[in-house]
Each structure stands twice: as C-alpha cells, then as structure tokens.
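Right, one structure below, let's go through it.
We just call them A, B, C and D in the order they show up, numbering each chain from 1.
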C-alpha cells in the first residue's frame, strides 16, 4: 500500500519515517509539511541553513531512501495515488487538512483535533476494534470516502491497555492515576527547557488530565446503537513532567467491580490481547503487556525500548486496601513509539487485517 | 540549653550543625560519631585523608565555631552536662545508644528505630503535641529519666501536615498518595547513583510505603487511655525516586468524610496551625502550609527553600470525582529540612514551650 | 541616581531587577520592553494570559516595589529623567535603540551589538578602567552626550579576570581554554531543551569561541594613542554546553612570558584587584578571585553563588609542562550574575566612582 | 577458543559477558568472582538476596546461556582448559591473581595493576601491535608461559586512536586535552552519586590525568632494543566528570611537527587503521575513526553507540593559532565498550590474528 506522511519534518513525523523504513506492507510515496519546506528535498528540509546542522531527532539515522523525496505543501497535497495518510501535525492544522485527505482515503493521525467527536473512533489496537462501526456514521455525516481516526494521547495509551483486560474480566469501579511524563512528550516548540526541569518536577501539564480521563472512557466504551457509550467508571489523574527523555511512567490505583487476586490479575494481563497478537501484524510486539517481577521495575530508561517501544511494561502489582477490591501497580509506556507514530502504524495494520482499510 | 549531636559527621548530622548555628536557645556542646572519628577535631573528621577533600555536604559552609570541637565516640558519650541529645544515626546504632542517652535526657532522633513502639511518640510540631502523654508511659516502661522521640519519615511529614487540618475540619475517609522523592532522601551510603537515576525514575523505595501508611495513622491518631489510637482511615501509597536533589513532591487524593468546597479546604489550611505559629518558636516558619495559586507549582527546585525549607507548599487543589467527597492536590516538603534535622529542632523548641522538656 | 531597565521582561532584564532591589545608589524609575508588553503593569507583563502562570525566572521573588511599574515601549522610551540605562535585549534591537538612549545618557548593555567597535569600551570592573579613554572618541564619532558600553560575553568574564593579574605580573604568551557552559547562558528563546542536553554534552556554541578570543584580547589591551591595542597573546578555545543550570566552568592552560611558581601565581591572584576592592562599591565582592585549595573544586553547583555570584572561583592550579612557563587551572564564573546584569551594575558603580558617569 | 571471565559479577565483567555472547571465535567456559559469589549460579550471584532485584547493569539483558554457569572463586580458578583469561577486577586483586593465570595463559585485563611495568605491553588495537615484542621479555622476567596485557585507561583510548595517524603522518610536538567523562567510568562502588553530579561538573578525577599522560606516551612509543621508548611529546590534561551516562568527550589541541591542512588531517584519519580493518576481526568496527562534519557533534548520547561503541567519533576540526602547526578537535569514545571489555576482546582477536595468541 502506498502511504503519505504529513508533518514529515517535525519530531513525530520523523518517527513515522523511522517506523516506515523497510515496512513490509507500506511504501512511503509522499512527504508533506508546511509551505516553508515545500519544494525542498527532505534532507534539505531538515537541515538548518545557517549552521548546517541536521535537525533529525530520532535515535537512529534518517532512512536513506527518504532523503531525496521532495517535500510537498500539506495544504495542496494530491493523494490520488495514496492508500493511507499518516498525519503528525498540530491540532489547528489537522482541523483544516485532515478532512481534505479524508474525502479520498483513510487518515490516521497523532493530532487531537477530531479525537472527541461523536463520529470519530480513537483506535487502540487490540482494545476497541469494534469502534470501526463509527466509520460509516462518520462517512455519512461528513461525506468522506475515507475517514479520520486519531490515536489516543500518549498518556492514555498505557493506561487503557492495562485496564482493558481488567475491565473485561472483573469490571472497573474507578481509577486513580499519577503520571510522570517524559520531556519528549512536549515536543520541541517550545518543548521543555533544561533550565526548567533539571533538578525538578513540573506538576502540571495543561489539558492532559482531562484528555486522559475522557479518552480512557471513550476507548473502553461500548458500541450501542451505532454510537460509543463511554465506559461508566471514573478516572482521576494528576499528570506531571519529570526529567526523563522518553517513556511515561504511571502509578495506577484501580477499584475492581469483582474481587480478584493478584495472580488472577496477572493472568488476565498475560492472556489479554490474544486476538491481535495472532494476526501477524508487522509492528505488533510479542506481548502487548509485559509484566515484570523485578521489584524496582519498570523504569523508563531500562524498559521503554522493550519490543522497540511497543510494550506496556507493568510491575509492582499490589493489593490496595483503600479502594473497594483495590489493586495498584506501576506501568510504563513509550510515548513516542506505541504512544505515537508506531502505534498509528499498528492501527493501520490492524484496520487492514480487519478489512476496514482495503 | 546545652545540646549534643550524635552522628555529627553524616549528612543528617551536618544538617543539625547548620540548623544549630546561632540558635537562640541551644548551645552545641558535644559532637559524637562512630569510633573511627572519635578523638579528631570535627574539621579533621570530615576531611578525607587521602585526597584532602572536605566531606561536608550542606549548601552553606560548616559553622566555623564547630570546626574545632573534638568528636567523641557515640557509644561512650557522657551527657551529664547536656539537656537534649539530637541523634542522626542509622537505625541499628540508634537501637543501641539512644536508650543509653534517654536514661538521662530527652533524645530527639531522625532514626526509625523506635518509631513504631507503643510507648514512643512521633512528634510532628503543631500536629500532635498531645502525644506527649506517652512519655510518662515510656519512662515507666523503660526506666528513663529522659525519653526518646523519633521524627517521622521525611515522606510522611508533608502528607501529615496537609491532612491534619482536613481531618479536624471534615474528617478523612481515605488517602491515596504517589510520591516523587529526592535523591538526598537516600543519603550517601550507598545513596542513589547518577547512573541509576539519570533519565529515569525508580518506582520503588523499600519499606517507604509501609512507613508512610503506618506513621500517618499514628501521628494523626488520638490519645485514648494513655495510648495512641491510630487514625481510622486507610492510606495507600506508591513511593518513587526521581532525579531531584532535595524536596519530596507528592500527589494526594483524599476522600473527606464531609463534603467541602475547595475554598473551604484552602481556608482550613490557612487557619490551621495557629497555636504553634503563635508560640514564637525560633525555627517555625511564618506558615506551616503555604498554598500557591500558581498553576505549575509547587516545584521542588523553586519551592523547597521557602521559609528555609520549613514550609509544606501545596498547590493544584481540585475536586476529585472518583472518591467520595474527593479532593486532590500536590504538595512539596523539604526532606532534609522540615523532614529531618530542622524539623527535629522545631520539635525540641515546641516541647520546651509546652514544658515537656525543661 | 535614577536608572531604567530596557528588556525588563526577559531573563536578563529580570536579573537587573533583582540586582537593583534595595540598591543604595540606584533608584529604578522606568522599565521598558517590546511593544507587546508596553502599557501593562510589570506584574501583568510577566504573567502568561492563558495559563495564569508567572513568567519570572530568578531564584528569588520579583521585588514587590517593581510589580506595579507600567512597562514602556523600548522604542519610544523617554529618558530625560534617567541617569543610566541598563539594557538587556537582543543584539538586533540593541543596534537600534541603544544609540537613541546614548544621545542623552550612559547605556550599559549586556548585548553584543557594539562590543567590537573601535570606539566602544568593554569594561570589566577592576581590569580595564583606563578604557574609559575611548568614551571621548565615541562621543565625537557618534554625537552622543552619553555613551554605550556593553559588558563582555559571560564566558570571557572569568577568563579575563583570572588572566589580568598574571598578565601584569608575568606576561602571557598564549592561552588555551575549554569551557563547560551552563544552559542559562542560552536564555529561553529557544534556550536549551532538556531533550538535547540530558545525558549529553553539546560541543559547539555558535560564535562563542570567536567572541572569547577577541574580547579577551580587547579587554586586556592597552590604550595607545586613544585606541585600544589588543593584548598580543593568542587565545584558543573550545566552548561546550553541559547540563548545568548556572555557572560556566573553564579549564585554562596558560603560557607565561616569565617563569612563575605556583605560589607566585596564587599570590598575584590574591593581591590583584586591590584598587577596585578598596572603592566601597556596593556590588563588589570581598574578593574578585577566590582561590580554593579543595582538590575537587570549583564545582558549578557548590561554588557559583559565592559572594552572590560575583566571585571568580579558581582551583586546581598546577604546572603545565607542555607550554613554555605553563600553568593550568580550573575556574568558575556565574554567567548570569558577574557575567551579566550584576556585573553591569558593578561597572556602573565603578564608572561613577571614577567620575566617568556623574 | 575457550575463555574465562574473572570479575564476572561487576559492571566491567558484565560487559565482557555481553560482548562474548554469540562470539564467533570465543566460547565462554568459566566465570570467576570473589569468594562471596563462588559456588552460586551466575543468575543467583547477580541477584540481591534481600530485595530480589537483579544486579545486572548492561543495557541489554544478560545472555541466557551464561545464567546457569556456576561462578568460581577467582583466587582458586583452574584454567587448564582455558585459552584466554579476561579480567575485570580491582587493581589490588589483579596484582595478586593475574600472575597466577599468566603462568599458564594470556591474560587480557581492564585493571591498571601492571600497566606501567616495563615488560608489559598496553595494546590498543591497530595502534601498537609491534609492542608484542615485549612479551618475550615479560615471560623471561616473570617465568610466565602466558602473559599479562592490560588495556589502556578508557580516557586514553580515544585520544591515542586520534593521535596515532597524526603522529605517523606529521609528527606531534605536544598535546593539550580536557576531558568530560561519563559517570559509568567511576563504576558502582562507590560510583558517582546523583547528589554530587546533578546540575554540576566535578573538575578532578584522582590519578586520571597522570594515567592519560603516561599511557599515551607509552602506547605511541617505539620499540627500541626490546623496550618501549615513550613517544617524545608532552601531554597535558585536565580531566573532569560530567553528568553523562556513557561516553567520554575530549577537547584536544595538538601541535604538529609538520604543518598540515585540515583536509590532510581528515585524510590521514580516514586512511589510518587500514591494516587492522582488513583483518576481518569480529569486534572491529567498519572504521576505527569516524569523522563527522555535523557542526554540533560528536555528542555523547547521540554518537557513543556508533558501531556498537567501537568507533572514536571526531568532529569540529579547526586550526589552532596558538600552538605551532596547531589543530584542535573534539572526540568521543565509549568508555565501557571500546574503552573497556569490548576493546579487550578486540585486542584478543588481534593478537590471535597476529599469532601472538595461539
């Protein structure tokens, strides 16, 4: 399938390029960015003219095959030969251009622009494939031949993945979560200054808590009458920024509807996600959840790269005696891999296997 | 009053020295440490013989007046001329020597050795002065003329200070807390290696969670029949270590017994601690709780030194819709000031004012 | 004397405000910034409208007396009632507005705009007061009643202070220097991202090496025929950025013209700067150079705040057997105190005492 | 060939294990450590009994094949079936046990114990293979059938690799170097505390500067009359510790004997090491020196893992006008890969190819 990446010069866009190198199903045909980069070869678009420095921010080098692709203007991108558009742009820009692309083909986005619309599914692979039912509604409402589906906020991803098997097996009464989020989550414009975060924690990330609370309920919601009915449990968060490069750590306290032993909880995590793991998706990890018995884990630096950042690593499962049927644990999710571009690609693979994209 | 500091060469001991410089009530008469340092002048005891480096770890220089005091062997310390002993030693050593000192005079300790004994009060100034009632029991049980009182774990301090006014005004049903603790809390032997905490969070601190849970209930407990009856609400914690030098940050979710508005919560914090703040104690801050309306605060680096580290800085008070009558907030407490030596000195001042030490 | 601060809302401008609080000689009368802030009270100009966060970046709170001053437009600032203008603005803006101010009064600047002009002295207090001779030339050339004098680059400051006594006593053949510079030196727009500097060193700071080389020669130059003749020794640098908040550390290798023992070098450092230290200048530290015998010092975090950041702390003086008459040492200088606003204020004080400003 | 690793439980030993996994030439047969670990399976020897935590410090998991090997007591290790012993132990221990092993077989060590002995070669692969001539002398002197060869200090490695081609092509008059060394270089006992290095630089590493100066001269020395005649140029260093996990960065100023253009310098770096690179050694990188034209590189975090840490990455080559025929540059070398275990393995491979080990 032929794919385009829009927002290709930004950090999130670069992560798409990295994830698409040598992808067995996808051929990267077009790169688009803002007008400023349009017309330049990709390698020139990511080179700072005054200093000669390369503005490439992934840990691995830029795939050579993409360096000479000429970047197009996102606003004028022609996608007649494209099967899927991946977008990695700011929310305001997404609001304008994603509907243009969706007229013709599926758009899988990391932007939040359409995340809270009633006719827009927010897919988390393995969790809510049935939300594809919304696509017909979206097409009808908006006159799209394709559709738009944004991925969840990176802080929601690990939390929802950890909750889904518990919700299915035991029911959930409520969730209390504190996040310690990596600086890469803030991007680079303006990003997090060393001066602000060194020897420090910043205990507030604007809008993050509301996003996590709302998205968790939507993603775990059920399709009823062609609509999503949000999961009926409360989610309460405090989201903080810590001096970590990549990987969001979250402490989670969950009240289950039905009493479960710690062994039972581990068991449902272990057996969850059988369906998606059996599909042979190229970007899927061997396990979506990896439970570690190491007492001091998960740790962002040591565990974020497990399965190339596609695992949710959970540890420290304990009983909680404060909440009814309470359990508590710590989870780690790679915010710029499973939580962004590579997660979006996994979604695309999943939707193809299910026949939603063809 | 004449005071001694035991464990004077360690980090916590050094903080006692700093806090005792120019103290209006206390005259530092004796310094004690392990046998290895005994007989040396203090300045030599904190000098590394091989490199000539000074092993002094406070941000301000060592008080000059103390440099020439000859360090004594803690195990053989004679305290006939001493009114209060401050100890800053490991728990095992405390178990042995603190009873020796307590035979003759009050011992105020940062060690946890006796913290969970039934006849030992754990004072938090302004919170539980009435626990002094235990001292008679302790004397009777142990044949002391003095007594032992350890301070709380540094992670308990800010939490208990924030909870006490809420408990008095509204009652507390339960508490869920996640801490992000500074590396200074781990001391220097072995302490936290840069290699382990850079670009990382360590989500487990052995025994810390149990301490906080137990101590919070004890400190907020009521005296009944000459004993402490622990506060009857549950406390559930996840304690983590972050790459911060000083200052423990905690996210707190509290279920109140009685519904309170955010304004009412701020009001009780503002008006709490009137008694202790009116006593004219030299180490007391102008406020025990400082509430900040700044949306991104409290932050460890920016707020830990407020009132020389004696304030609990609270911010981000919000309603919590998951817990019954829930409120949530973020607090910061300086773990090596109010949470250790200087807190112990404030306790001493308080006990003097109340006539418990005379 | 009545002073104005231009660029008052930026980080460097804020440091001027901090340094001018309770200054015995200077009364802050006017604050100016870009058009965007003009007309607002200072407290509003530093408040982020969307989040309500205060954008104040100094370690101590903003002086209360200045919060209600209405900020003026730097381009239209009327300075008829002002005796000295301190500017803390970008070089491009400085090029435009500093000459406007200089028509009427002295302008002391942290910008580099005029630093390399032949008729512009770059004062480093205690080092080159005789460069005041250039002011007449500048006035003649440019038709100023006042004058412009920029301070040196923050990386030059400590180096030149350490070299001056050596140069006077022994002569200097050449200097090789490697700097490890703090992130605060890069300001906040865009500043240094945590993502770029955590677990890292950035071995290049554009234009920095050229500045240090040129400025050191200019500052230590001699007045000959009304002009500065640059000091005739070579300076070769590699400037790097490290993950430190404040304080530039520099390793220095100096070839002296005349052989000197280490004791002689320490002696000239100790006895240097007698003149300026005897003038009773309010911002002058007790020593301009503090030599430490501690083997592991100077260290940025432990030593940068000595004398409120106005000392150059030197340590590790050793013989160097590679350079002729070589000595090597390590120095530390606070880049945003002595290296910026507070250094500029010390310059102002010095020029007043010498009658250059009256 | 069958190899043993002594000091297998320490950090450096673990790096040997990682580097020996799937090695095409070497089969790991024996693991030894201190008496405390002897008799335990390796997996148990690296597990903390009280907490259950695994004390494994490499970025990749411990090779599974080694987990069940029973650790032996280093002092009693029988090596009759072993062809090469790799040791990663403290200098004091090395002094005792390495001669025992060397009686029977070659010992390649990361310890400094024998580094400065006249009959002991310090191999740096590709630089000084001819120093093998010393082995006969060593055998005669000490009655060994095998021999001892320690690798250089990790800070020497990159410097000597960068200098060797310059020395051969142009001659060297003198070298001035400042290092910014990673915390992993200090190991874990006691290692570098986060409390000491966060927001800081420590400008002194005991004995490091002397080692680098002496070793560089020895490694680049010539064999004359069966002895090494140290290279006749001076090396002057200041070695510092920065808050970086892995990778030593060095700023280097070199005076060449013969004038060379920057292009010529790059050329000799590019063409150097042809011999060793042509040998097909399994651990050799494609280039020993990688020169980067990126203006802000090399950076420790971004460049240390090039060729799995076996490259010396050089950048920022400039003319230096202070030293005669001066050039200056910045280099980066991975201190625990090429600078320790993996470098030792490359040495072993090289000595096998040359027939020194057979």
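Here is the rule we go by: a residue touches a chain if its C-beta (ideal position, glycine included) is under 8 Å from a C-beta of that chain, and two chains touch if they have at least 3 such contacts.
Owing to the predicted nature of the structure, the values given are computational and were not obtained by experimental measurement.
Colleague: By that same contact rule, can you tell me which chains touch chain A and chain D alike?
Modeller: Looking at chain D and chain A together, the chains touching each of them are B, C.
Colleague: So using the touch definition from the top, which pair is joined by more C-beta contacts, B-C or B-D?
Modeller: Between the two chain pairs, B-D has more contacting C-beta pairs.
Colleague: How many Å are there between the centre of chain B and the centre of chain D, using C-alpha atoms for each centre?
Modeller: Comparing mean C-alpha positions, chain D is 46 Å from chain B.
Colleague: Rounded to a whole Å, what is the gap between the Cα centroids of chain C and chain D?
Modeller: So the centre of chain C lies 42 Å away from the centre of chain D.
Colleague: Counting in whole Å, what is the centre-to-centre distance of chain B and chain C, each centre being its mean C-alpha position?
Modeller: 42
Colleague: Would you mind listing the residues of chain B that make contact with two or more other chains?
Modeller: 51, 198-199, 206, 243, 245, 295-296, 302
Colleague: Under the definition above, what is the set of chain B residues touching chain A in their complex?
Modeller: The contact residues of chain B facing chain A are 174-176, 178, 180, 198-204, 206, 234-236, 238, 240, 242-245, 249, 251, 253, 295-302, 315-316, 320-323, 326, 328, 330.
Colleague: Report the residues of chain D in contact with chain B in the complex, numbered from low to high.
Modeller: 51, 57, 183-184, 188, 190-199, 206, 243, 245
Colleague: Once bound in the complex, which stretches of chain A touch chain D?
Modeller: Residues of chain A touching chain D: 51-54, 59, 198-199, 293-296, 302.
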